[in-house]
Amino acid sequence: MKDIYIADVASFNEGALFNSFFLVLVKQQRTSKTNKPYLNLILGDKTGQIEGRVWDPSDPRIAKDFEKGDVVKVRGSASHFDDRVQMKIDQLRVALPNEVEKSDLLPSTTYDVADLWRQLTGYVESFTNPDLKRLLNTLFADSELAQAFREAPAAKGLHHAWLGGLLEHVISLLGLGESVAKHYPLLDRDLLLTGIILHDIGKVRELSWVSGFEYTLEGSLLGHIHIGSVLAERAMDKLPDFPPKLKTLVLHMILSHHGKLEFGSPKLPMIPEALALSFLDDFDAKMQAVTSEFDKCIRENKPAGELTGKVWSLDQRQLLNTKRWLDDGRD
Amino acid sequence: MKDIYIADVASFNEGALFNSFFLVLVKQQRTSKTNKPYLNLILGDKTGQIEGRVWDPSDPRIAKDFEKGDVVKVRGSASHFDDRVQMKIDQLRVALPNEVEKSDLLPSTTYDVADLWRQLTGYVESFTNPDLKRLLNTLFADSELAQAFREAPAAKGLHHAWLGGLLEHVISLLGLGESVAKHYPLLDRDLLLTGIILHDIGKVRELSWVSGFEYTLEGSLLGHIHIGSVLAERAMDKLPDFPPKLKTLVLHMILSHHGKLEFGSPKLPMIPEALALSFLDDFDAKMQAVTSEFDKCIRENKPAGELTGKVWSLDQRQLLNTKRWLDDGRD
Amino acid sequence: MKDIYIADVASFNEGALFNSFFLVLVKQQRTSKTNKPYLNLILGDKTGQIEGRVWDPSDPRIAKDFEKGDVVKVRGSASHFDDRVQMKIDQLRVALPNEVEKSDLLPSTTYDVADLWRQLTGYVESFTNPDLKRLLNTLFADSELAQAFREAPAAKGLHHAWLGGLLEHVISLLGLGESVAKHYPLLDRDLLLTGIILHDIGKVRELSWVSGFEYTLEGSLLGHIHIGSVLAERAMDKLPDFPPKLKTLVLHMILSHHGKLEFGSPKLPMIPEALALSFLDDFDAKMQAVTSEFDKCIRENKPAGELTGKVWSLDQRQLLNTKRWLDDGRD
Amino acid sequence: MKDIYIADVASFNEGALFNSFFLVLVKQQRTSKTNKPYLNLILGDKTGQIEGRVWDPSDPRIAKDFEKGDVVKVRGSASHFDDRVQMKIDQLRVALPNEVEKSDLLPSTTYDVADLWRQLTGYVESFTNPDLKRLLNTLFADSELAQAFREAPAAKGLHHAWLGGLLEHVISLLGLGESVAKHYPLLDRDLLLTGIILHDIGKVRELSWVSGFEYTLEGSLLGHIHIGSVLAERAMDKLPDFPPKLKTLVLHMILSHHGKLEFGSPKLPMIPEALALSFLDDFDAKMQAVTSEFDKCIRENKPAGELTGKVWSLDQRQLLNTKRWLDDGRD
Amino acid sequence: MKDIYIADVASFNEGALFNSFFLVLVKQQRTSKTNKPYLNLILGDKTGQIEGRVWDPSDPRIAKDFEKGDVVKVRGSASHFDDRVQMKIDQLRVALPNEVEKSDLLPSTTYDVADLWRQLTGYVESFTNPDLKRLLNTLFADSELAQAFREAPAAKGLHHAWLGGLLEHVISLLGLGESVAKHYPLLDRDLLLTGIILHDIGKVRELSWVSGFEYTLEGSLLGHIHIGSVLAERAMDKLPDFPPKLKTLVLHMILSHHGKLEFGSPKLPMIPEALALSFLDDFDAKMQAVTSEFDKCIRENKPAGELTGKVWSLDQRQLLNTKRWLDDGRD
Amino acid sequence: MKDIYIADVASFNEGALFNSFFLVLVKQQRTSKTNKPYLNLILGDKTGQIEGRVWDPSDPRIAKDFEKGDVVKVRGSASHFDDRVQMKIDQLRVALPNEVEKSDLLPSTTYDVADLWRQLTGYVESFTNPDLKRLLNTLFADSELAQAFREAPAAKGLHHAWLGGLLEHVISLLGLGESVAKHYPLLDRDLLLTGIILHDIGKVRELSWVSGFEYTLEGSLLGHIHIGSVLAERAMDKLPDFPPKLKTLVLHMILSHHGKLEFGSPKLPMIPEALALSFLDDFDAKMQAVTSEFDKCIRENKPAGELTGKVWSLDQRQLLNTKRWLDDGRD
């Protein structure tokens, strides 16, 4: 287990020593002002990123064969530069397999994944539609897919994205979907919940989460909407006597879930369940963005009456944390 | 009470007689091909509209002094023209006050208004925030306002709009709001529900529902967002020691509930409750449009596998009634 | 074979008799002013559409069991109404299978389909990439798919759309693609031509051309981009050792060929061949629209110096037929 | 009175001493490379902003209790860094009330405010409409509001914005409005001028100009359009027998003056006076932006034939100062 | 001189005879229900348009050789059809040259053209810039161009467009331009007024006003912006020693006067005079549209408190005539 | 001839001496931290740009009278700063006329200009339309214009733009135009090729390529579309009996070639040749952008399977070099 995290280093004094595992996010050859080669690295773990410099790459204590995406063990000291801390690296070796856990190296959901998964399978068990139930059971019987579904982030980028993010988002949507299906008798509950579970399943192949979160080349060229719809289509084709109408509806929900053509859905939602899915998906994503932004303000000790920074996913809007502001100065 | 409705007339044989009350929606002077003056009327009741013609306006059995907006009693016969039925009118007089109920003349909610109102006051009673509770109680203590709130349609136009439509929409939103407030601990439940109840309150003066549903001149020039925010502001100003923060938040929710500047909100939602309100408002309006469209297809006996017509409020999209289609041919 | 076409009827005198086969495009029950039921039909053949009326549907010479989409044999007379001609129908029966050819009933390409097909297979034969060659050969070895590909229109609607339209459009694009691939060494010629051949293949299931040209329900909900990409993906999956890179590129071309998200492509073109395909597809469609519009002006005897009507697919622009205008008054 | 301004400091030699009053715009705790804490300040006065550093915050000559927004007296020396000058601060204390004038600390209009105010009241005196005259007289009888109206900037941000900017903008519009009302007999002159005077009155509470120019929290959540319309509505409500029609028109002008929904007006201009107001407001704002940009080029000694930088409020357009260019090289 | 106008015919009784001159706007060959050929004409004069039918085109009293654009003398009788009046035409001959005045046949400005022209030349005389003065004097010394400038409409279409409309619009703009140039010292008055006079000069060749108002083919393909800039460029090229800077500025004003690329200006206004011109041009056009709409409401006896119809050039907005509404019920 | 290029300097060791000719792109007076004046220069040649510093501008070996746009001979040494190399300049003098070739100082086409020009004149020789042939021959008989046409870049900015770029782009378009004219019989080949040759001819005066590539003031205010159309119009006016129809068509092609109003064309393409020109122009520009981007990736040794950076002219899209990726790892 790691015992020193990047978040800790910020408070280190100049020259303080450390020794820990990190993920290599960027590796660059550079030349100093005095014309000597050095390595500039960006290292990451679940708490953030930090710049590290190897001033003497020819030193035998520095491994030669590591690359972006490798986990390395690093020994060095803190070095302050303006407002930031850098790492001066004296030793570096590639970590052994399993010497450190992946969940220490990338940000992860704060929920218990096993518990989230139990909730998901609980929803599937509750289905009265036997075809949709066996579709989901068959898909998740593929243990590799199920594992990827538990691990995948919901989006690229080191912020607003974390291991288990996809599952966390789906569980939140299932709760909303259950309420909404009760509210509007028009809606077929099992179909809506199936759409919720499958809408982003293509992300297990669109994204990779080995060294940071990135798009795969296949993901860039085909997108999770296509990848997910093909995954679902193949699963339905293999199930004996899967009703063709239901197949068309499930695929339509995956294809249309972005809600607008300009957001990359090749079809607009044309059934009530698809309309509901696209609204809930957008709403939950925005509520999560707001939550993250409020958490950030609290971490940064911003006053309760100050607006957040401009939130990218909300058209650069600034927001106010109502509850915190109303509570402020109350007692 | 009316015993003959416009929906009934469609099935009348040529020349069949009738005698009933209607609302005058349009009154036009015209001249026939043979150069004789006649009256062309559009008459309405809660079931629809029909064209009526008075071929001899000088007949003493035809009242001279009625206008658009009046309720009239009409005697005449059905007359088929191409695919439509018209009324040939032989007698016409202005109705006495209370001779017929307004709810027979304009489309109304299918719910029991008293019951909807009880639900509304039940929600207010459940508030733990005493300031928001007394704000709503004070507003609805104004019996004229409360009555208008129970009667108002949610929108102009004879379709998708009906007496009690505003209240029906608010009750549906309160149910959704309750679920959503439980789902996201971030949300202040009483503030969200207050925003739901007040967001469209300006419609009680933006719209008139005397002769059909129309914009008042004040409504056209100022809009329900301004009218509603002033209504709420005045009420809060009169309450002793109403917290200024809460006042700003309530007004912000009314001002921002259309969600986008181009939809007429002068401010974007900047607090989580306003964001939730704008999503739910849009979602509920669209689900109602879908429901109305599906009902229309059933009334018109369209096959279950045929798409609806193009739905104006959904970007001219066509929709499929999932449940009906899946059930079709099942037994 | 039909010997009387709808285009001929326009010049018939009042009351002139005729007797021919037509496709039933619309069938409606109506009631006359005198309250008698009659049938209003819209009948079509390859030359256009015409309205027909059965004034006495109970006549034993009128079949009872025909529906929209049926081919019927009709006997009646021409009847002029304002500027239009209608059919007054005295006899009507459902045609026997094969009593008339489908190509007489729907508009068709003016090219020889067998010749177009030979050109298509010629292009495939010329491929130097063995994988793309066997992909296309395998697909068209499915005789049902090949037949649909030869028959399908390129778009819905009775104008700008005809049997064989898809194939005609593909052949035109192959000619352009060949030139462009020579012009830019950057382009992989076989990959570009494969994309051209497959880009609209999903239309064979998105559209139906039995009774006029319409969207299938599956086509409305899933779209030809999804349907086509799944068709291609399945074919590649079945080919032993089909290179995964090539598979991704072929699918990317189908997914991105509309060129913009708002035109229904879930991905923008990200390889040179996809960029070229989306430009050529758009350009050829517009040149065909211009050609059709100019042909229409000539048929309608518009003067050479008069602009066309507003062309829908060119932003309601009006156009001038350069060659015709320059030639006008030359001799 | 201040005798040294930030604009002067730019020409100081390295190490030159100074001693003056400034406004604290930003105050940050930082740590140096050698791990010692220091203060980084941004200080402002009416001529600009400058960075200042307190390298030893524990020095007893440095006040401990000052904050952003305070006026401070500072003693130190100039320090050149690359192309910029910084202040090295040796002494710092909070200024006494009235030790320095606010107009020395924030940019101000170059016009005489008393004279602008006389022009404003002159226009009001000239009104023939008694109701609009007493409306404006009543509003400005509130001396706090009148004072704020004389002080407020027309917009946020240290450039294009200055104390008295709102009043200066209103006076310019009144001149234009007078001409336009004469030109178009359609226009009600007093109504147009009333709209001009009141359109931005909400800015007195939307903005604060204590420490730089900023949005108040109320201003961010409600906006000057709402705040101003409520201010006007309340004033009219208090006037006995104020004509309801006039009230609606005055409010409509405030609500619609941004001219487009997407610019934050909840209503489009629907009366000729509102249409004129929205045009003139936009035109005068742009002419001021152009003037400021030309002044900046002259200050920076740009050649007459060189375009300005990209002007943000004119879609990043570059402009040419016609008169200066035509005069250039003339003599 | 004409003594009967189309506006008069509306009140004629069935069969009333008339005899007058009209312009042939449309001429169509048609066939009646009984299969007989007849002519359908649309005839116009300065008061409007009317449909006319020649039921027996072979009658010797009906001229054979007239075409669209000809002036004809027509004798016939009024015939009512539904709400409209038609002309039944018994005699028709082509008018002799000068038998009737063009200003009787097309709508014209209500101002005295000679007086407008004197105002225009007065402005030019007042110029202090000798180059701009000789440019305009030279242009209008071309009597054909000057005559066309006095006659041209400001836009196509029979409404909002009339003979002399261009000159009327320019005179209105000159008045505004004079005021604005005084208001902003930044502006070069003579340059602004020159831009106002020349901005739409290309319309003299873009439009034709012989038979109604239409685009010429050259106008459709090149547009008045190009035509006008070439007209001005040629005139400047012929003037000895015309300053090149001034030439560029004059051309820039013509090219940029639509204010936005999407409105057909190939350049955005980049000098203050061009910015002012584009604002004033847009503003004056809209004020005229409002005036026309209000006049129409008065002609149609709409109540003062009723909004106008949707105004096309103001985004389908409805407007209120403030002065008329405030006066309504005052006495 | 230059023997040292900027691209070479990147690999120089610290302090290595050099001596060569460069173009002065930027010249700035600055002051160092120690308050001493120095010169900061940006110098360019055909291979790129580099920063150069004159630490002692008073040194007699440093010329005093050079300006932006001058060619200078510079002697100095390489100096590494972070990742970049700068020039420390010890001697600097203005170059003599013709001491160095312009093509060494600005990036140029990699094609042989004489050969490109032969291709261009070959196309003109092949015309069968005598009027279009003499138009082009007359234009290029103006040797100054012909020379400018051979030198001009196709766009501003040091990248994607080079001497001869306009001619290179036109030759590429002529090849495409020839193919397309054969493909669509609708197209008048000589007219299309004339449009291709003339569409950007205004760039010879819109741009200057003396010191880098910049817009002229005339170019900024009038644009190449106007400048080019006037150039063409004048040439046609001088040709005896040039057909007016052809003149209108040629001008229309120049005016409309950007394809959309928002891209600066005052007219949309309304003839088939103009439509084809606007498509091909856009397509060729994008294919060149893709080619440049791929070349850059190869120069930077990016792996074949990595996407390019975001390409500005393709909506910030990233692209994949298909051929290189497919070839990667093949052998």
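Chains here go by letter, A, B, C, D, E and F, matching the order in which they are written, and residues are numbered from 1 within each.
We adopt the following convention: a residue touches a chain if its C-beta (ideal position, glycine included) is under 8 Å from a C-beta of that chain, and two chains touch if they have at least 3 such contacts.
The model shown is predicted, which means the values in this text are computed figures rather than measured ones.
The chains in contact with chain C and with chain E alike are B, F. Comparing mean CA positions across the assembly, the chain most remote from chain A is E.
Looking across A-B, A-C or A-F, the pair that copies the C-E interface, with over half of its contact pairs the same by residue number, is A-F.
A straight line joining the Cα centres of chain D and chain E is 44 Å long. Along chain C, residues 217, 220-221, 249, 270-271, 307, 318, 320 each make contact with two or more other chains. If touching chains are joined by edges, the resulting network of the protein chains shown has some other shape, matching none of path, cycle, star or complete graph. Listed by chain label, the pairs that touch are A-B, A-C, A-D, A-F, B-C, B-D, B-E, C-E, C-F, D-E, D-F, E-F.
Across the complex, chain F is touched by residues 13-14, 80-83, 305, 307, 318, 320 of chain D.
Residues 217-218, 220-223, 225-226, 229-230, 233, 248-249, 251-252, 255, 261-267, 270-271 of chain B are the ones that touch chain D when the two sit in their complex.
Interface residues of chain C facing chain B in the complex, by the touch rule stated above, are 30-35, 217, 220-221. By the touch criterion given at the top, residues 172, 175-176, 179-180, 183-184, 186, 188, 191, 245-246, 249, 268-273, 275-276, 279, 282-283, 286-287, 290-291, 294, 307, 314-315, 317-323, 325-326 of chain D touch chain E in their complex.
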